[in-house]
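Per-chain numbering from 1; labels A, B, C, D, E, F, G and H assigned in written order.
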Amino acid sequence: MTTAEAAQLLEDFRAGKIPREKVLRAFQAAPAADLGFAQVDTHRALRKNFPEVIFGAGKTSDQIGKIAAKLQEHGQQVLITRVNSEQAKLICKKFKHAVHHAAARCVTIEKKPLPKRAGFIAVVCAGTSDLPVAEEAAVTAAIMGNRVERVFDIGVAGLHRMLARMELLQSANVIVAVAGMEGALPSVLAGLVSKPVIAVPTSIGYGASLGGIAALLAMLNSCASGVTVVNIDNGFGAGYAASQINCLVTT
Amino acid sequence: MTTAEAAQLLEDFRAGKIPREKVLRAFQAAPAADLGFAQVDTHRALRKNFPEVIFGAGKTSDQIGKIAAKLQEHGQQVLITRVNSEQAKLICKKFKHAVHHAAARCVTIEKKPLPKRAGFIAVVCAGTSDLPVAEEAAVTAAIMGNRVERVFDIGVAGLHRMLARMELLQSANVIVAVAGMEGALPSVLAGLVSKPVIAVPTSIGYGASLGGIAALLAMLNSCASGVTVVNIDNGFGAGYAASQINCLVTT
Amino acid sequence: MTTAEAAQLLEDFRAGKIPREKVLRAFQAAPAADLGFAQVDTHRALRKNFPEVIFGAGKTSDQIGKIAAKLQEHGQQVLITRVNSEQAKLICKKFKHAVHHAAARCVTIEKKPLPKRAGFIAVVCAGTSDLPVAEEAAVTAAIMGNRVERVFDIGVAGLHRMLARMELLQSANVIVAVAGMEGALPSVLAGLVSKPVIAVPTSIGYGASLGGIAALLAMLNSCASGVTVVNIDNGFGAGYAASQINCLVTT
Amino acid sequence: MTTAEAAQLLEDFRAGKIPREKVLRAFQAAPAADLGFAQVDTHRALRKNFPEVIFGAGKTSDQIGKIAAKLQEHGQQVLITRVNSEQAKLICKKFKHAVHHAAARCVTIEKKPLPKRAGFIAVVCAGTSDLPVAEEAAVTAAIMGNRVERVFDIGVAGLHRMLARMELLQSANVIVAVAGMEGALPSVLAGLVSKPVIAVPTSIGYGASLGGIAALLAMLNSCASGVTVVNIDNGFGAGYAASQINCLVTT
Amino acid sequence: MTTAEAAQLLEDFRAGKIPREKVLRAFQAAPAADLGFAQVDTHRALRKNFPEVIFGAGKTSDQIGKIAAKLQEHGQQVLITRVNSEQAKLICKKFKHAVHHAAARCVTIEKKPLPKRAGFIAVVCAGTSDLPVAEEAAVTAAIMGNRVERVFDIGVAGLHRMLARMELLQSANVIVAVAGMEGALPSVLAGLVSKPVIAVPTSIGYGASLGGIAALLAMLNSCASGVTVVNIDNGFGAGYAASQINCLVTT
Amino acid sequence: MTTAEAAQLLEDFRAGKIPREKVLRAFQAAPAADLGFAQVDTHRALRKNFPEVIFGAGKTSDQIGKIAAKLQEHGQQVLITRVNSEQAKLICKKFKHAVHHAAARCVTIEKKPLPKRAGFIAVVCAGTSDLPVAEEAAVTAAIMGNRVERVFDIGVAGLHRMLARMELLQSANVIVAVAGMEGALPSVLAGLVSKPVIAVPTSIGYGASLGGIAALLAMLNSCASGVTVVNIDNGFGAGYAASQINCLVTT
Amino acid sequence: MTTAEAAQLLEDFRAGKIPREKVLRAFQAAPAADLGFAQVDTHRALRKNFPEVIFGAGKTSDQIGKIAAKLQEHGQQVLITRVNSEQAKLICKKFKHAVHHAAARCVTIEKKPLPKRAGFIAVVCAGTSDLPVAEEAAVTAAIMGNRVERVFDIGVAGLHRMLARMELLQSANVIVAVAGMEGALPSVLAGLVSKPVIAVPTSIGYGASLGGIAALLAMLNSCASGVTVVNIDNGFGAGYAASQINCLVTT
Amino acid sequence: MTTAEAAQLLEDFRAGKIPREKVLRAFQAAPAADLGFAQVDTHRALRKNFPEVIFGAGKTSDQIGKIAAKLQEHGQQVLITRVNSEQAKLICKKFKHAVHHAAARCVTIEKKPLPKRAGFIAVVCAGTSDLPVAEEAAVTAAIMGNRVERVFDIGVAGLHRMLARMELLQSANVIVAVAGMEGALPSVLAGLVSKPVIAVPTSIGYGASLGGIAALLAMLNSCASGVTVVNIDNGFGAGYAASQINCLVTT
């Protein structure tokens, strides 16, 4: 029940068209979507112009297609993450506006992209192997209405590569820093900029990298203030949080 | 070496006052403090109006006092975290403007507090045992120039306590959510608000809580989008990151 | 050796038909199956109307078939868990009453289903990916003679979905709560109902979910009283324990 | 906001006393405490005749005293767990009906104990070192209105001790089985009884017991069906869940 | 250099057939196989009548064949562990006396089996899934000249199965106890017999069994004295150690 | 119920002195202590001449004294492990024959020591810090009637120290090898002897030794056949198992 | 910008050919490669005669080919690690001087091999399964201009094999010691030589080897001084570090 | 047994003074100390001019004193690590040349310091809390005859501090890099220098630093080539290995 619908309900009640019990029941017995905090939830979707995201892994192309179709009915942006190329091909065949972001393992469906906010989100990564995670963050942030600057392959083993891009990095509203192995990039970066840094550990590495745990622990123990962390390989989560933060600038 | 100094060096060289080797060495050997990005670092301190923070644990009151005195010389806010009551007493004796925030295990020294930004940061915690960490976040955010609303003891075992405060929580620019044990609070919260949620796991619990690892893992695996995480018990880090985010609103 | 047989043995001894040594040996050398507590074991199977369950993983269809045939000889319910579709097809071909519960990865063989107990067990899960584990719990509880209500996809990220079903959930005798990722569902649920909640962590998630360890730890550290936990993905165990509890109601 | 208040609000609106916006806001912003499920929460406390439990560890005697006093105002049972002898002495001095259960590290305050339910809960433990945890479970179950039978020191290394008590154990409605080290007791027990077994791992052991993790893992992997598990040393949680289950018998 | 060869060398020296330097060099420059402790090593092989064992996993059938051929040249027993059926087929084709123990994943090649020692080793396992590991232990012990009694599927969930076999188990010189999941079998067994129990955890289980770590930890924390433990799934190691112990009986 | 008692019962029944029901009940309800396998347990104690051992840690001197007194009543050896010097002093004051083995943290009480078996157990350790654990193993083995040879401080960092003692080590019936840090001693040793090696990891070390886990894992992964392992710091368990093995020699 | 280029720039400035701004910009705006520490980086490549190494895993043959081609343009050695046989075949087809080191899973491309330094690096491994990692170390060290002596299959279970090669091992400038399972080789070795030992744990093993963690921990806890450790299976890293050390000899 | 002694033995045998068996036994039973590789061990101590080091933790001042006295008898350098101030005071009272390095928690006793080698070892650390470990490395390297340059408090959060010291760092023969928390310093450093970097993780940090495990893992996963790692807090080991490497320069 939208605010408009609720207002109509009240007017109908005042106009004597419906009994009081019906109004009460609408508010009381209503599924959560009709309760205060759930309406807020709907408000949020309207305000943020962004619906639920589809996690493609483990879903059939058919299942993805059905959910995407339902989301699209409401004229909204659709983001599908963790799709393989076969899934992507089938989805792109089905949806006219579908775009396969192969490097990001994502498909987006946008009839009319959201207008871009002022300012931008920088998505950086340490090595070329971290690229899929970084791209997932970038595609997520982009479809949510943010300008994104990619700065890839600037790992700390060749510090000059990062230092050479400091001017750009210092201009970002928020930085998503993606790294595997020892995960030092966010720490070094956060020591050099004053904006929030969202660190994304990746599962890149072997042996004692423990599938990304090494990078995760390093990021959580960052000696530089202002670093927050998401799950291993969670590029989507980082892009989403970055967008939430970037939203605040233009509020 | 500033740009002006570099220009002078070149003129001296052209004027034959100094040999070529000296110019080359100056650029090659130049300490980082003289390079662009290091100057930026100084700019950042000025721009953010906030200096280095003193981690009190493991330092003597005397050591803390000396560092604080040096920071205060520059007329800046001083924040000292993880101080015990004995340390706090000695520092408060020494500094006129020192305030001991006992619950937060912090001491602040402010001749003239920073003006508060518009909007506020909500600091919430699940149980009363999480309070010291939540207070550390709150004190950190406050001294950095943010208005802070505390919403304590709203753990998920009594969901209504949190729901009762949703209106306030939805008005915050950013939420710091502190919880130990199963660490579910940030997930539940992030499902209900559209603002960034910074999750702080605490070491509250026993047995399989593994000193906070259980809560940390839960938060990293949050099914709600937009949750980022800091180290166990790191109230300071969360408060700092929240302030960085809140800064963006008024940029 | 049943009680009747033991009585006969004693009478034969008194009648001088057998020597004392034979009686003594019968009691001393008797296999456990003949001892008191083992007879109890047999009694238990009769009383509970439920025999051993076949764990299908790692067994051939032929092996499963033989065990199932032997169990069926005694006219009992047969439950086979963790079967893949190929195994299921072969078993269903062999047994007339076999039913393949594909979503639960189970096959059941019941000539005559057990009568259902009064009251019901609620099986809830957080996300659609948790469905196979939840279905395993539901099928297990059902074949053991319980009515089961399924309430799926009510994860804490959209709290209203769970709240909308509270009336039903509060009417259950016992709740099986299945969740992966941060595993917060049982905690939130147990805070809202007065009945036992059996939590089942699933291996759904990636990175720091550590194959379900994150959800497992969260559930063990639940701040809500009355939550007990079974192994990761152990839908069968939860359904079985729930049935044991539900049995008590009608005792 | 109660149903009556909501009805009044609507009438006021129809009567033109309040604007439509106020009605809408009231429903949107309504605190959870006013919603159905929160009232249910209050009902639950009444129905179960048992209020919140005080976790004494880390609280001052004064804090405990204040919370206990408030609980007692409502004429309810008070259970305080994890109290040391000094805390206990102070509380017992303050409350007339306070009883210190030293072995359980608990204090109970009951003006009028709850009537005991029919049937009983068996609390068993493997070794004498597990006794404090077992006693915590027993005291918890007892104050919640259950008869409790203690069967201590029946670890699997001397199997006959457990077998000698099978008759009693098989008569219990539910069994709480407490064990440290290899934690095998619940598995062996659950193979011999048909009632729910709640396993409590303890931190008793050294080296590879990892503070109880070894016992916890063993219990989670029990080959006997019907075992559910609580956190390490969580005697309270087990006693509470056992009481919830025992409640069902008399429903 | 065997003792006989060394004696001959000395006699040749005394007889003036070879110079002193040659004798010295033989003892000094000799490869390790010729040094005191290495001769002991050779002595050991002779005394124990058992050579190196071939770990088949990761080796090609060709590699295995070559090593086996070289071992057979010395007329010795050959044991190859962890072979798959394809490897086994190829080896059996190549060696006349090769026997494929499919359940044990082993191949043995014995022209003339060792005579069996008096007394026997009992190899027990908890469940049918533990069988391959138990068989590996049994085959290893058997080829090393021991009589082996297999007692399979006597897990603690059905205690009577184990108790029914106590007479046999108590007659063994040493017991190899194989179990996965909660790994309780060795503890229960060791409480009932006076002979050494070698515990073998298996990787049977899922979720919190952590690939056998749960069983391993349980066994290391056994409350019954006299349990020693080998690596997860290491049936060979247990069979070997059991044989070393059984050797002592007939020394 | 002993065999004699059971025979009497049967005769009384035949003589008509007692009803059949009484005989049946006696066999059915008989506590485990009266069943075959429990009598075996008693037999075992007699045969091995060694009673239960007292684990002193966490017990009061008074508690230890009472248990020891009861054990001594039966004229048996008493072994108390993990006692501190204060406990030891009090026990020695109370028992005339008590001996405090300070290095082993044990007290023994023997009116008349057991006669020593032929052959000996070697107890070796890598460093002087491992000595308490090694001494615990040695004292345990000694009081159980074994000759013990101590070979201390022969860690692998100075390999010659171990090699210099090979003659002695090769003469032992069984070797207990105690080591912390990287725990390599048992592997190296087992490569050089043909007798069983029981490895005891110790908690000696820091950082990545993880309280002995590093040594434990190393020993479990020993590339030398015939190594079995006990819990970290479990000198008692190793000494006990070694005695069980050494027993076999003289059977 | 090399030192020579920088000197030329300054001369051009003095000669009035270019304005001061151009010089300043060259030093200020220059990418990191032009800054002091980055020039050092370039110097390093020149001095060490070795460029970046290509990690083949996860890259397509095409990607590898392009990077290799670019590196070869500068006339440098090319080392590609972790290539499978298919990748290797394609690369060898494309590059004339490419050599596939199958055992090492590496391809090298050298128009003109570097001259070998005096002295040599010993690469030793414990078992034949450790060979791929040892070969990776050996190939890495060799292409970087070092003489390499391979000493394979000298694990501590047969100590004489290692002792027989001590003379060679003691002549090495630095030793790379590769071992899986219990990882004892580097400790034993470092106790016998005076040169730096670089330990490489491998993932060889099963069960409690935890994918190489057991060996890694053992090596980090080595009781022999002078052992440093690299990541599990990181033969490349060990060969590289060994080359850096061997470089020092000839400086 | 020296070569001379062995020759004599043979002559005595030829002269008929001793039986053949005696000669054989002498060679078979020869202790390792008499074999080539053990003599090498003694040579090593002479050549390196450095004896065994005393690990003070857990030893009494008296024990330390006795070992130190014995070492000093041979006129050698004495290094005692991990001593507290009380131990240090007592040792300094006893030994004339003893020096207490309080920050390093070490005592050294040198009648005549070793001459310093050419070149130097740089010991760097990230934060002031890492200082004790860094000092331990520095004191160890210094007493072994190396010049040491300390560069402290140059953590990556303020990158300019490290960059400002690059000239010095690039001149070192080998660098010991000490860091806790996220342990990023060695990676960043190793990307900028061409010399071996020995990384020392410290236990500085809290929560997810897991007592130094986070830093350890980060260092093992360093993306910069040439980093080798020692145990957490093992300053001594790093200093020792650095000295071994620096030795090579002057060979």
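Here is the rule we go by: a residue touches a chain if its C-beta (ideal position, glycine included) is under 8 Å from a C-beta of that chain, and two chains touch if they have at least 3 such contacts.
Everything numeric here is computed off the predicted structure, so don't read it as measured data.
Q: Tell me which chains count as touching both subunit D and subunit G.
A: Neighbours common to subunit D and subunit G are A, B, E, F.
Q: Shared touching chains for subunit D and subunit E?
A: Touching subunit D and subunit E alike, sorted by label: C, F.
Q: Count the C-beta pairs in contact for G-H and for C-E, then report the pair with the higher count.
A: Taking the two pairs in turn, the one with more contacts turns out to be G-H.
Q: Report the chain pair from A-D, D-E or B-H that duplicates the B-D interface, where duplication means over half of the contact pairs agree by residue number.
A: B-H
Q: Count the residue numbers both subunit B and subunit H use at their shared interface, divide by all numbers used there, and answer same if that is over half, different if under half.
A: Result for this pair: different.
Q: Which chain's centre, taken as the mean of its Cα atoms, is farthest from the centre of subunit C?
A: H
Q: Would you kindly tell me how far, in whole Å, the mean C-alpha position of subunit H lies from that of subunit D?
A: That gives a centre separation of 55 Å.
Q: Quick one: report the Å distance separating subunit E from subunit F, using the average Cα coordinate of each chain.
A: A distance of 25 Å separates the two centres.
Q: Can you compute the centre-to-centre distance for subunit F and subunit H, using the mean CA position of each chain? Integer Å is fine.
A: So the centroids are 39 Å from each other.
Q: Two or more other chains touching the same residue: where does that happen in subunit G?
A: Counting only residues that touch two or more other chains, subunit G contributes 35-37, 41, 158-159, 163, 191-192, 207-209, 213, 216, 220-221, 225, 231-232.
Q: Pull out all the chain pairs that touch, please.
A: So, checking each combination of chains, I get A-B, A-C, A-D, A-G, A-H, B-C, B-D, B-G, B-H, C-D, C-E, C-F, D-E, D-F, E-F, E-G, E-H, F-G, F-H, G-H as the touching pairs.
Q: Mind pulling up the subunit D residues that touch subunit A in the complex?
A: Checking each residue of subunit D against subunit A gives 3, 6-7, 10-11, 13-14, 20, 23-24, 27-30, 32, 35-36.
Q: Show which residues of subunit E lie in contact with subunit G when the two form their complex.
A: Within the complex, subunit E contacts subunit G at residues 31-33, 35, 37-38, 41, 58, 201, 203, 211-213, 216, 231-234.
Q: Taking the touch rule as given, give the residues of subunit G at its contact with subunit H in the complex, in rising order.
A: 36-37, 40-41, 44, 47-48, 53, 163, 166, 170, 173-174, 191-196, 198, 216, 220-221, 225-232, 236-238, 240-241, 244-246, 248-249, 251
Q: Which residues of subunit H touch subunit B in the complex?
A: 129, 158-167, 206-209
Q: Any idea which subunit H residues touch subunit A in the complex?
A: The touching residues are 126-127, 155-159, 181-184, 187-188, 190-192, 205, 207-210, 213-215, 217-225.
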